[in-house]
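One chain, chain A, appears in both complexes that follow, with chain B as partner in the first and chain C in the second.
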Partner chain A sequence: MDKIVCTCGNVNPAGTLLCESCGRPLNKETEDKKLVDMRYEGSARRSQTYNKTIIDKVWNFFSSVKVGVWLIIIILVAASIGTILPQVFYVPATSEVDIAAYYERIYGTFGTLYYELGLSDLYSSWWFQALVGMLGISLIIASLDRVIPLYKSLKKQKTKRHFSFLKRQRIYGIGNIENGEESIKKAEEKLKTMRYNVKREGNALLAERGRFSRWGPYVNHLGLILFLFGVMLRALPGFYVDETMWLREGERLYIPETNGYFLESKEFIYETYSKEESEEVYGDAIDRVGVIAKNYQTNVALYKGPEGAVAGHLEDLTFEKEAAIQVNKPLKFDNFSVFQMDFRLDELASMTFQLQDKETAESFGEFTINLSDPQPVYELSNGSKVEILDYYADFTGFEEGVPQSQSPLPNNPAFLVKMYTPEFPNGETSFVMIKETLEPLGENKHKIAFQSVETRDVSGLTIRKDLTLPILMLGGLIFMIGVAQGSYWNHRRIWIQQLEDGQVVIAAHTNKNWLSILRDMDTVSELANLPKYEDQQDEDSKADKEEGV
Partner chain B sequence: MMVEVSSTLLFIAFVAYLVATFLFGGAVKGSSSKASKSFERWGKLAITVTIIGFVSNIGYFITRWIAAGHAPVSNLFEFTTAFGMLVVGAFILIYFIYRIPALGLFALPIAIIIIGYASMFPREITPLIPALKSYWLTVHVITAALGEAILAISAVAGLIYLLKNIDMTKKSKSRFWIEAVMYVVVLVLGFIAATTTFTLADYKVEFNYVNKEEQVLTMEYNVPPIFGMNESEAITENAMQPLMEMPPLVNAKKLSVVTWSVIFGTVLYILLRLIFRKRIASVLQPFTKKVNSQFMDEIGYRSVLIGFPVFTLGALIFAMIWAHEAWSRFWGWDPKEVWALITWLFYAAFLHLRLSKGWEGKKSAWLALIGFIIIMFNLIAVNLIIAGLHSYA
Partner chain C sequence: MAQSKKQRFYIRTAILAVLTIAIVFTIYSNVTKEKNTVLQVGDKAPDFALVDLEGNQHRLSDYKGEGVFLNFWGTWCKPCATEMPAMDNQYNVYKDQGVQTLAINIGESNLKVNSFKNSYGLSFPIAIDQNKSVMESYNIAPLPTTFLINPDGRIEKIIKGEMTEQDIAAFMEQIKPS
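Coming up: the complex of A and B.
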């Protein structure tokens, strides 16, 4: 495409609106406007120059701020829809069938519809992720499309601007003053003390400050891109681990995905606030709400096995450290964190029974079943023994005569046992449950009598490794730097020029914060006796002046 | 002891804000330039009283902090009160940049309503549950609330801009919607009036009901039950029978409170209309007459510019760091998190529309108002309606 040669001799890229060098409007449309549009300095952007190939069209689509804003709005609306009902990961069900049933049971027809439309898992849906991906692409392309031409034109800008550029600035004034040259000189000195970067070219002056704030948006977009990149990295193997484990008091288990670490629970602690400790301050709240939790804590010991150790191999462990895992205080080691997430109090640990004669209650000995590791046979005194034929940890009843267990957790243990006594060397069969015994093969002379039980608490722990965190943190940091740079500083420019006919022109532009630049100008103007100027966009002040207020 | 001092200081702050509102009204009224010296004096007095109130408000915050042993931002009353306080703080900051009294006339009543709204919730000091025991509670919540408070000032500026620039003599969409905003503000007053009335009357009735998990539970109503819970049965003798029973999904108690607020608010609104014989927006319009629209537009934009980075830091970045410590993941699509993201996206759209599409003036002012509505939605509705990890109150 053709370059545009300005009257001043500068060769501008095609699509430029304001000459990069002197600022003259380069087409009729720009010339017709009362004020120039200073966004991107009127420079030529790729998206406005080329529109031929597919690449051009894709580029133009994503470089558009309009498209970007639409993407933001669509994501915003979609995200809000996902908060109407709880998402699947907050629903107490795991299988698809149970989840569907849950939405129907709790939320009725609307719940079913919500689930069927996939809104219950909206944030991991392909279309939501595609939208976020498109926004990411838009961030990259829109930034590239603007930052390069903006950089070039700010670098090329001349101190001496054409009158047609100056008179189209929002703040503008012109007039005859007594000693133009001296006024400009005074203004130059004053502006320098006000931390402006002042350049002179003959009878023209350009004072500029805070240009770096123009790069703020591009810096913060870079931060966002880095952040999204970090989030994407999580999908790669090795970067991200998210596991859970249930650990019982006294148990020592392999920590999933950790390559050789083992964790032992010494104790789980659950505390609530008591009125005694702080009656005066918390008394009312405890009265109103009831029980308020104070602490969930698992005291653990961490062990490391030899390289490549796996679950079940508890030999050769070396002790690493002891720790107290609390909510907000995870255990950290080797890029991993272990979090206190959940607990179950008083799970059955072991049960102690006695083999008895039903009538005389004569004892043949006691035995204790460790519920997480029941032995096949318990030998008692005088050759008596109890054989465990089958163990149902979470017994729920019989289905067609077969005992059922709904989970491996010892919530309701039941045993099918054979009792051997000197009197019955071939054994008697009994089905032992809590508080009840069945005799499936006819009446027995002996029974298993329940003696005592021991319980222990279970800690629900989450194991997390996230190697993308440093990238996310860096992205966040760069975003904050960029957004502060663009928001808390602003780019101010003041042009002062004596025209050939002796009149002095003063014009100013800032990308934000017009009140401050006007104050700056007032200070300079008072000292250097410059012509009067006004904000050409401020209708209220003009109206006030006309009314004579 | 400390708790009582703290309550007294909050009350002083509340009264000071009320007085300052009237003083700002005095500073704004009148249009002749001759009297401008006297108005300047009104303005000075008004900002002084505001600062006294703010100092007292901070006194409340510090004494309560000492009494509780943690930053007083851990339940709905404490957070909302802190938010109201920070709105005043943000106003003071912006006032010293622009010195526009009209801003105080509108910002202070909004802070007053926020604090009034806050005090309708249980006010006792609650001990921290394990998830909240972290210094990030202080850092995250205060930064997020400060960001939201600064953003709220942009809505105040937007409101003033619109009141000044909407033609109230001709029927238009703008005129309708600005009055709708006024009506919603009156509804909040209605909530405060209804809650206060029934609290003073010591109204209390109990019902048994069946929840969605088919358990029988008890619900205590503090307002007359317009709507009944699912299969509810009165426990209290001679209790008013609910006019209508709701399915188990709906919390009929909250629905009754909302309905009473609407009734009280609407009656209040009708009374105001009868007294003034004008739209509320038209009643307020003269107070904005002397305001410079260009400056209002700039204040609206500038407070978004100042508030947006603070909000990002507090409500997203600090939030993520804490979420990673407490809940093991930095982001979990909890409703409160999502709405913070929505707020952030909305203001990002606001900035892009302004910078690239030239949305200034009226459009920008409307957006600032919508932004404030989103913030209030996240504060009120997400806590009260949508259950999630953040519903502590």
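Coming up: the complex of A and C.
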């Protein structure tokens, strides 16, 4: 593979179709064409040229636009398959077995197949990410392989182009005119006023404008690459956090992934619109659906543990701030945002009981059990007391005589208690459940009578941190700049030359919007009296007009 | 000419290598993230300090040079309860051989944990992770989960689910200081 030396003396890289300098066709094939392909200025896309080592082969594979388009199509199809059934993320199950069962139960055989093939977790599958990664490589390599030669040949282009180049341009005309020199001079003046960048070289003229529109596609690819890079950063620890937590009123919990922050819920507020206040707007809707939510809000206090404190540390928390978290109004601190996402109303918080004589209903006093922290003994008046032997938060029944609790949540509290009264100093044992009492060790004289209950609400909060957002936004912005650059500006060039024999040649090229460049030329031509020109491609094939690049 | 060819080869190789490494790394970290966001075998075990039911403070870093058998559990969790007596037996075998056993309850009440402890007659230290910060830093998903921490303070193994007495004995043997 040798460099190609043009007749004009310019040394072109191997594979060049049109001399970078004068524009002469450099091989037979190009010469035979009536029009030249101007897409990359006839420059040598190096990928098309060298194909020796394995690295070159890989490089050429990714450099191909065809490969890039296929990658996009494959990703598009794969991504749309992922939308047929809900992804694992949205399935109300956590263990593998439950998830598999869910797909089978809800979607049948197709669901099982979908799950087995890994389509239920498509977007985090290695192969989907590999496809996107390959598209990223394709974007980078294909751009590099085109923008560098294009830049070089646009930079090297001479004002004076060879006749063989000019006559192969889409817009072309030649003819004898009265005063060639004078006409070119006039054209130069006019083109300058039309904001063309005009260069002269002897009897040749090149008017050019909007060259920067040619960089549009590459700027736009740069934006995309930046965007993909931002998404890639999410995989690194510390860049992206998306966690959830349930927080009960009065509870103070560690905020996941935050490195030493604690959140306490003071109150959860759920408000609905009343008919009176919103008759006009929601009146009909309230009649139809019953209630319309007005506000979901968690009032919280944020605390921070001491510097360098280890997990489990409970003391020395410093108060940071109080905040009201509402939907779309998160609590913000240290790049984290805590959002109001969900809630559960009226979870049991405490229960109040009375120790009574079963017959006479005589009271020995009341006591209140905080369900998240029951005390071993509740002292009552006159030496009576109630001892809590055991507590079952979510009581489900007995197994071999042993009471069972299926979770630590107070969904169905039950207590094993011992009641001490002056009459029974050794105590009477009772098993207290909601609405029912068992007396495992024989008939009792006393009972624990349920008095009242207090509830509390639970807030479902989401903790988010995304340091990649600025990068994603910048990527998006650059992408849009590239699109605008390539779409709203055109790269136009007009060549006018007086040949040795006195004939004047005019030729023009634009990367899009041929009508406008013709209009520009008409304006100039009218004033400068240039030879007639025509759109050669239009002539050739009226059928497939507007094939523009 | 030959030089520029060589240069081209190196530039292309470098670009492809950088891109490939970036993508492989991304995919690798995304795929492994699914399984365990934070901790993996070989990682340094996050330090914590908890007070057990007897009022003794247990700070992980104080046990440097000893193996730590760290068990996360809840009273409502059946497999946790099943393995407790076996753990207690092995605790008594290995406590004088430099293996510390510590059972961390996930935020239940003192009363409940105490009554559980008494009904099973457990002798190893039990601490309650009240604000769930230890649970978060160890990223506990199912209960029971057990971490074997070697005398260097690194995670030797993560066991999710119930263990038999034989398992427990073998695990304690594994982290015994030599």
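The criterion applied here is as follows: the second predicted complex is superposed on the first by the 493 of 549 C-alpha atoms of A that agree within 3 Å, B and C clash if a C-alpha of one lies under 4 Å from a C-alpha of the other, contacts with A are read in each partner's own complex, and residues count from 1 in each chain.
Heads up, the rule we're going with is that contacts are C-beta pairs under 8 Å (C-beta built on N, C-alpha and C of every residue); 3 or more make two chains touch, one makes a residue touch a chain.
This structure is a prediction, so every number in the text was calculated from the model and none was measured.
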Partner chain in contact with A:Gln406 - chain B first, chain C second, else both or neither: second
First (chain B), second (chain C), both or neither touched by A:Phe262: second
Touching partner for A:Thr7 - first (chain B), second (chain C), both, neither: neither
Contacts of A:Ile55 with chain B and chain C, given as first, second, both or neither: second
Touched partner set for A:Gly133, first chain B, second chain C, both or neither: second
Partner chain in contact with A:Ser381 - chain B first, chain C second, else both or neither: neither
Partner chain(s) touched by A:Asn335 [first = chain B, second = chain C, both, neither]: neither
First (chain B), second (chain C), both or neither touched by A:Ile292: first
Residues of chain A touching chain C in the complex: 2, 46, 50, 53, 55-56, 58-59, 94-95, 124, 126, 129-130, 133-134, 136-137, 140-141, 144, 232, 235-236, 252-254, 256-257, 262, 310-314, 372-376, 388-391, 393-394, 405-408
Touching residues on chain B, where the partner in the complex is chain A: 3, 31, 33, 67-69, 97-98, 122, 124-127, 129-131, 133-134, 136, 212, 247, 249, 291-295, 298, 301-302, 305-306, 308-309, 312-313, 317, 320, 324-330, 332-333, 335, 338-339, 341-342, 345-346, 348-349, 352-353, 355-357, 382, 386-388
Touching residues (chain side chain A, partner chain B) in the complex: 39, 65-66, 68-69, 72-73, 75-76, 79-80, 82-84, 86-87, 89-90, 105-108, 123, 217, 242, 273, 278, 280-282, 284-286, 288-289, 292-296, 326-330, 337, 339, 341, 462, 464, 466, 469, 472, 476, 479-480, 483-484, 487-488, 512-515, 535, 537-541, 549
Complex interface listing, chain C residues touching chain A: 1, 5, 8-9, 12-13, 15-16, 19-20, 22-23, 25-27, 29-31, 33-34, 46-50, 59-61, 74-76, 106-112, 114-115, 119, 127, 129-134, 136-137, 141-142
